[in-house]
Amino acid sequence: MVENRPFITFLTHLILIIGVLTVVFPVYLAFIASTHGPTDFMSGIVPLTPGDHMAANYGYLLNSGESTAGAPPFLMMLVNSLIMAILIAVGKISISIISAFAIVYFRFPLRVLAFWVIFMTLMLPVEVRILPTYKVVADLGMLNSYSGLVIPVIASATATFLFRQFFLTVPEEMMEAARVDGAGPLKFFRDILLPLSRTNIAALFIIMFIYGWNQYLWPMLITTEPHYYTVVMGIKRLASVLDGDTQWNLVMAGVILAGLPPVLVIIFMQRLFVKGLVETEK
Amino acid sequence: MQTKRTVFQSRVLPYFLLAPQLIITLIFFVWPAAQAIRQSFLRQDPFGLKETFVWFANYTRLLDDPDYLNALGATFVFSVGVTVLSMSLSLMFAVCVNRVLRSGRFYTTLLVWPYAVAPAAAGLLWWFMFNPSIGIIPYLLTFVGYEWNHRLHTGDAMVLIIIAAAWKQISYNFLFFVAGLQSVPQSLTEAAAIDGAGPFKRFWTVVFPLLSPTTFFLAVINITYAMFDTFGIVDATTSGGPSQSTNILVYKVYADGFIGLNLGPSAAQSVILMLIVVVLTVVQFRWIERKVQY
Amino acid sequence: MASIDVESVGKVYTGGVRAVSDIKLNIADGEFIVLVGPSGCGKSTLLRMIAGLETISEGEVKIGSRTVNNMEPADRDIAMVFQNYALYPHMTVRQNLEYGLKNRKTPKAEIDTRVAEAARMLEIGQYLERKPRALSGGQRQRVAMGRAIVRKPAVFLFDEPLSNLDAKLRVSMRGEIKRLQRRLGTTSIYVTHDQLEAMTLADRLVVLNGGKVEQIGAPLEVYHAPASTFVASFIGSPAMNLVKGELHGDKLAIGPSMVGLNGFAPTSGAVTVGFRAEDMRIARADEEALPFRLEYTEELGSQRLIHGMIGDQLATAAVAPDAELSPEMRLAIDPKRLHFFAADTGKRLPGHVPAQAKLAPAEPVI
């Protein structure tokens, strides 16, 4: 920033404020809508100020859901989503960090092959293999289960590559000193490498948690029993009742509920989140 | 390939460490992909009793199918639309945030959180806002004489999903643009200022060209995102309609395969998508190799 | 406490790159050996082979009487001090010191005693509960040494430990290392590229170049009787002057000038002649001397270095700080102080040893 032209500063702030409003407005509207009663939309336009049905709407959703639309109590779905997201995040991080450790700190035949097999997963997002993967999961009897929700999704290359890249920057002498100090590979991993990886693990956990929470296609495919539904699936089901009967206030309440946890995570862990995002894309 | 200067001597341990990831990859990634490829060369009879090997018949059928070509077109329009809209808006925000310094973190927090919103949720939010009967935007549009109805107008539907997808992606692009802008040495803009260039000129002639690695990288990422991560948006809103106008490739695979149970052609579509991903991934990694230092 | 035998050790990397060839070295128990040479000469590689961090392609390394070629570093009874300290950043100083002992299941009481002792010796007691990032470079280096000391190993290995410190700190740490080694009496191998460090620390020097040993000897031996032009120019500062000359009978011709050798000529024909700056002096009017065209001087305070040309070759001489200077000078040297090397191989020519080198190696002063 070189000159100090007040007009430009004003313009800058104006753009940013408009930007923030554009980004925030849909959610604001959704929140407003979620606080109104079922008949408040009949007038034809959406209200802009909060209504008085907030407790009623949210309570209703959380406790009894909308079974006519196939949405079980939201509380249950929130719990499912939470379990799934945590399992996915933990699962991805665990198997990736040990794979990265193996690839970086050992030399063995098939090392390069293993690396490329892992790399291949980047080119096979679930969307391009839905039917056959579904078949495999069904054959293994993993439909409608946490293992089916979680396991097929946790073998990701991004985490492995991130850890690999990080391990490559750990000074050589760290491992040599540990070796001289009598630490074998597993001790070194536990005593030294893991503590050094703490921030990376935390940052990655945030990204993976959000990824896991927002899973949509896969849970939709493999769960047919309502008590395994996740909350992101749930809101779609709420909304997919014939349009005339869509209870938008409830749908919006659902959207807020579904979106709140990951958004809170980002806002409170912003620095770690940004770090995780930037690191995983290198 | 790079390893450490010194490695551990154990020959058995690495295999155990790699086993979980490799086993899952083989069972849930490689094997299904192979199955999809195999399936794409087969045709099942209507009763599901027999399979015949039909070489590339499924593929040629697809390329002759007007619905598939329509899906290709829709995907193209969608991807380009999302990429251009999202990247230009986030670039603008990034430039502004870069200028304000102190309040930067405040604005950043407010602009970053849509990343957390699930695509399906984002779709529903904008669907609500665009709802022909109670949505606020159609209401405002009537003042300029436009009747919005994404259930009837194919263009409206496409605009809806483009906006929803772009809205969600703004945070991601924003963060990377901010990082990219900060890596442009201040001495260069100062030199340009001394050379008499005003702020807009400086941006277009000095900053933007230096930003090109970031821009290119984000373009590839955005196209990949638009093609694959937006399933939820379409499923939650238009379900590919009206009349196939928003039936992007990734949605069509699901619709034909899961709902229509049309295995051969759906597998062929999957394989084509796979090839597209491969191309995009190769481009991404070729480009990143030039950007990254270990 | 152990002797070390390096028997014809060599290292070849996959791909055929040879780092080290045929190193033969016998180190007595308690000796302080310095491996010195320019970057890439193989000194670190050799040290790491002894440590067990690099595999040994050829030959054998024995520590004590055990051949250690296939033993893990942890089993060789060695401790290492790294150039970058290699302290575990997430552990306190105390935990860093304890780590190696804990892995060997040393009893807690013993660990505490050793840590306290090392802390006292190195004066790091007040830092024990701090993390490495709260310490200065010198303090970190002392912790790194403490980590080696608590292990009470048979051998200390130092890999350029002072390279990351500033000049003044380097000098004081050098002295500390020397004192420590004397006190503990542990066999030590120290790698450096700094010839001054090598000269001041070593009981014996090993000068390496291109993966091969150029010379092994006590510092003064190597200084006064360098075995090759490489050693001659590497050891000592300012570097030894090396000029081309020709021997005719017992006269040495350097360019157009002639110097009588009083019968010391080792051979005849072309040779490389070496002479140290401090062995040159301004000639008296009646002496045989070499013409010297002065180009510039460096004032060191205790002496004056004059740089110029003898004929068409560069040379440097060290003279008294108040010596008289002129553009054309005449420099004399005692023929007994000349070093002769073969013009083609650079190896020292036999049959001529400068008087100084006849000194016996000094007894270690405790």
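The letters A, B and C name the chains in turn, as written, and every chain counts its residues from 1.
FYI, a contact is a pair of C-beta atoms (placed from the backbone, for glycine too) under 8 Å apart; a residue touches a chain by one contact, two chains touch by 3 or more.
These numbers come from a predicted model, not from an experiment.
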item: Mutual neighbours - chains that touch chain A and chain B alike; value: C
item: Chain pair with the higher count of C-beta pairs in contact (A-C, B-C); value: A-C
item: Chain whose mean Cα position lies farthest from chain B; value: C
item: Distance from chain B to chain A - Cα centre to Cα centre, in angstrom; value: 16
item: For chain A paired with chain C, centre-to-centre distance based on mean C-alpha positions, whole Å; value: 58
item: Where chain A touches two or more other chains at once, by residue number; value: 176, 179
item: Interface hub residues of chain B, defined as touching at least two other chains; value: 6
item: Per-residue overlap in chain C, given as positions that touch at least 2 other chains; value: 53, 72
item: Chain A to chain B touching residues, read off their complex; value: 1-3, 5, 8-9, 12-13, 15-16, 19-20, 22-24, 26-27, 29-30, 33, 41, 44-46, 94-96, 98-99, 101-108, 111-112, 114-115, 117-118, 120-125, 127-137, 151-152, 154-155, 160, 165, 167-169, 172, 175-176, 179, 184-186, 188, 210, 213-214, 216-217, 220-221, 232-233, 235-236, 239-240, 243, 248, 251-252, 255, 258-259, 262-263, 265-267, 270, 273-274, 277-278, 281-282
item: Parts of chain C lying in touch with chain A, wherever the complex brings them together; value: 51-53, 72-74, 78-80, 82-90, 99-100, 103-104, 147
item: Chain C partner contacts - residues on chain A that touch it in the complex; value: 171, 173-174, 176-183, 187, 191-192, 195-196, 198
item: Residues of chain C defined as touching chain B within the complex; value: 48, 53-54, 72
item: Contact set on chain B toward chain A in their complex; value: 1-8, 10-11, 13-15, 17-18, 20-22, 24-33, 35-36, 39, 89, 92-93, 96-97, 99-101, 103, 107-121, 124-129, 131, 133-136, 139, 151, 167, 170, 172, 175-176, 179, 189-190, 193, 199, 202, 217, 221, 228, 231-232, 235-236, 250, 253-254, 257-258, 263, 266-267, 270, 273-274, 277-278, 281, 288, 291-292, 294
